[in-house]
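Take a look at these structures.
Each of the next two complexes has chain A plus one other chain: chain B in the first, chain C in the second.
Right after this comes the complex of A and B.
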């Protein structure tokens, strides 16, 4: 990246928003497991926040929706698992290497970035399916475990994993905040708005979309590694799960408000908890109820809840209006 | 410059399926030139601007900027080399503020750097008459202001060749006059300009040199006053009876 193009426009204004992100998330993740003693739910919430932020960078900021986005999550999980189980790597470097593998994979997909709209969305889905078939192939059982799954329980440490996931979920939200306040983020938003006009401004839309794609896939890979570590053992279907790690994440981002800093985080917290509550009480009809809920949300708040929350906050803080 | 052409357009051909939008267009701009590009609807004016700015690649022919071939370069590379344009229908980044729209061009354009960013942005906003709208979302500007923003964005990349596509279209008389004055001001900061326009009075105020296109071909190249007397030009604008 050409760093002369990356600087924060107004760093001072970043701190209030950073504290508004960190404080509520810290409260949820520290007090949550005490109020509802099921750490794995909060662990999944942290993973989903990371995925929502990662998707927001590529979809919210550049306008490119990869349906098969979950492939980076899965590759991160597999990369971590393989390095720990076959090469006896320590967990932290294995997760980072897994994420780097996901980012490397995203580089292979950069020709897809020349496509747009539905073509891009569908081609990424094809890539997802292709990698699912590779990782679950019986020919690769000795490396990936094939359809029988991969186990690396020797490093299992739920509390440490949970702490790491919480810290990194908050960090991923901060990454989005920094991007949004940087000239790099403004260039990405301009790409989303008009990819021809942005070229005339001197921005290589392909190069900047590639940067966004790399950052996004790296964060997804980290989320996958943390998720895999928490499981200790997983089947290919557990990480190559299109409904959970692609579609659900897209829904969280849309519900919260794509291309915003708070939207994907708030959207994930609310909808994930609704999803979990519904799954406890209406396990048989969960997807029907959740689907109907989404139809209502998309019809009535197509831009997500972030703009509404921002208006509500403005009314509370400035009841007489801003000067 | 050493006397060579700033921009050379040599035999540009552009086809859309069976339709030949440009059938071998050639023209040349020297330093200091302002060229009026006129012609009836569908004559290929905007297509030529799209080809020169890089939004379309030609099927044949070549484009040379200061002797360097640019016809296969992407629009952002051409912007870095000094070619920029405005659009007939403005293309602002509607979700960004006016200032952010300008900042992108200042930061990523030909000279692309942070030096004196505020001052440079203020100068351009002032020139375009947009200073008071600096923090407004570009999407909230009216059409005339959006056109000015389009011009300001192009100027912020510090172009050497500026392509102005129907900037006065849809503007009232006083707005069009202001735009004509502005283009004369802009002339000082660029090496050469092509001004596409339908409104003849507007072209007359901006330049004397015109090229007339019809059905993708150059039918006249010369002075504006001669163009209005030219039988071919009169025919394409007024029909056969106009020429008699």
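Right after this comes the complex of A and C.
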């Protein structure tokens, strides 16, 4: 990658889009807990925004769908917990180290990047299951807590964790914005379009996918560390939760619009809140209603809602059309 | 003075999996020279080009570029050496025309704007679609974009696969004219085609049949060869 030409345009020209991302998120996270006094829901929302942005980098931009994506989240959570509970690390370095561990794990998985389509999706799922079995193994109870879970209540600080999660959720959205405005982002999109043609343009698709994979797993690891910290104690099933931290995130990204800057964020905010409301009112039939809703969405808006929102904004701002 | 060989393909064989398509093919493209590869559908033209560029593995023989053996060099590394391969599908449909052009020089964006201006000078039609997705372009415009991407890349060797397929005579002429621009820039080219219009820009002609070379010579020799003449230049 030639960093001399990393940005496509002057980075200052990103400010309008950056402020359109930051301002609504700041309003949601600052005012939200006052309107609906349940901080944990907004904490989870921040974590899901991070995961959606992380998945968007690898799936939305390069077209590679890792079904077992949640493994990086879980490893981030466990890495943080182990360093705090066994090595008495401070929270911040422990979270960063946990994320680095997730990124390191993603490097071990790079041979999977030679696969494509369903093979890649399924092999990442197998990796997820393998690591679940390792972390929940009774023989590792002294290190990971095994099936009995791991606790690090000594550093519990919900308010500080919430603030950190909000800042990092916004930061992850900014990372996606920067990628989208860079030659790196263009190359990733080209890989999604035609891997062979990209190679012919002098770009090593494997190397670029590895970069995307590393960034994505690092952000997921951070999200995992923050989530674990907020919980104070968790069982392996809580972080190795395929439905929540893989499938649901994939749905959020698809609904919002994969490969876009705003789509995954908007998709996560809307669908996560719908999910929470449904879980309060229709807890027994939640998954059925949510599943039907998704079928309808995928059938009628396969590219997600971002293009529709963009069109609506254009109509609102330029009723006579753009020049 | 003898011209320097840019591309040398020596007894080269390739194919898909266990199926061998190209058998002991040899050719040379010298500096500032264009070699036209003629052959009917299924003769192995595309397979040969894909083999040279590395998309298909060599089953025998070698490929040399500027004297260096590149038979087993990775595709992206070949591209960085200055070898550009273009087929009709060499565009990214969901990306804009400008992004497509950018992808051709992503490793070196020096004078990017000047190069884009040059492409729009050669193909004014493309300028109108600068910020539009390539998926909205017509067949002819897509071909222009393919050639535009070549102009952006400024290759040291161009391998071009059937640039006129599916195009009207008017568009075909436009494409040959744009290739003449490249030729004037001194770019050595290996062009696979069925259309003899391209002999205008070629010094040498090679004919493939069932994966084997059945003719190799100058453009005038090709016209004089009775079998080649009746097959590709019309019976007369």
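FYI, the second predicted complex is superposed on the first by the 316 of 323 C-alpha atoms of A that agree within 3 Å, B and C clash if a C-alpha of one lies under 4 Å from a C-alpha of the other, contacts with A are read in each partner's own complex, and residues count from 1 in each chain.
One rule holds for everything that comes next: a contact is a pair of C-beta atoms (placed from the backbone, for glycine too) under 8 Å apart; a residue touches a chain by one contact, two chains touch by 3 or more.
Note that the structure is a prediction, hence the values are computed from the model and not measured.
Superimposing the complexes on chain A yields a three-chain arrangement in which chain B and chain C clash.
Contacts of A:244 after superposition on the shared chain: neither chain B nor chain C is touched. Touch criterion met: A:190 reaches chain B and chain C at once.
Contact with neither chain B nor chain C is seen for A:276 once the two complexes are overlaid on the shared chain. Applying the stated contact rule after C-alpha superposition, one finds that A:17 touches neither chain B nor chain C. Taken together, the two complexes place residues 5, 183, 186-187, 189-190, 193-194, 196-205 of chain A in contact with chain B and also with chain C. The part of chain A that touches chain B in the complex is made up of residues 4-5, 7, 183, 186-187, 189-190, 193-194, 196-205. Within the complex formed with chain A, the chain B residues making contact are 53-55, 74-76, 79-80, 84-85, 87, 91-96, 100-101, 103-105, 107-110, 112-114, 153-154, 156-157. The touching residues of chain A, when paired with chain C in their complex, are 2, 5, 8, 183, 186-187, 189-190, 192-194, 196-205. Listing the residues of chain C that touch chain A in their complex gives 53, 55, 74-76, 79-80, 84-86, 89-95, 99, 102-104, 106-109, 153.
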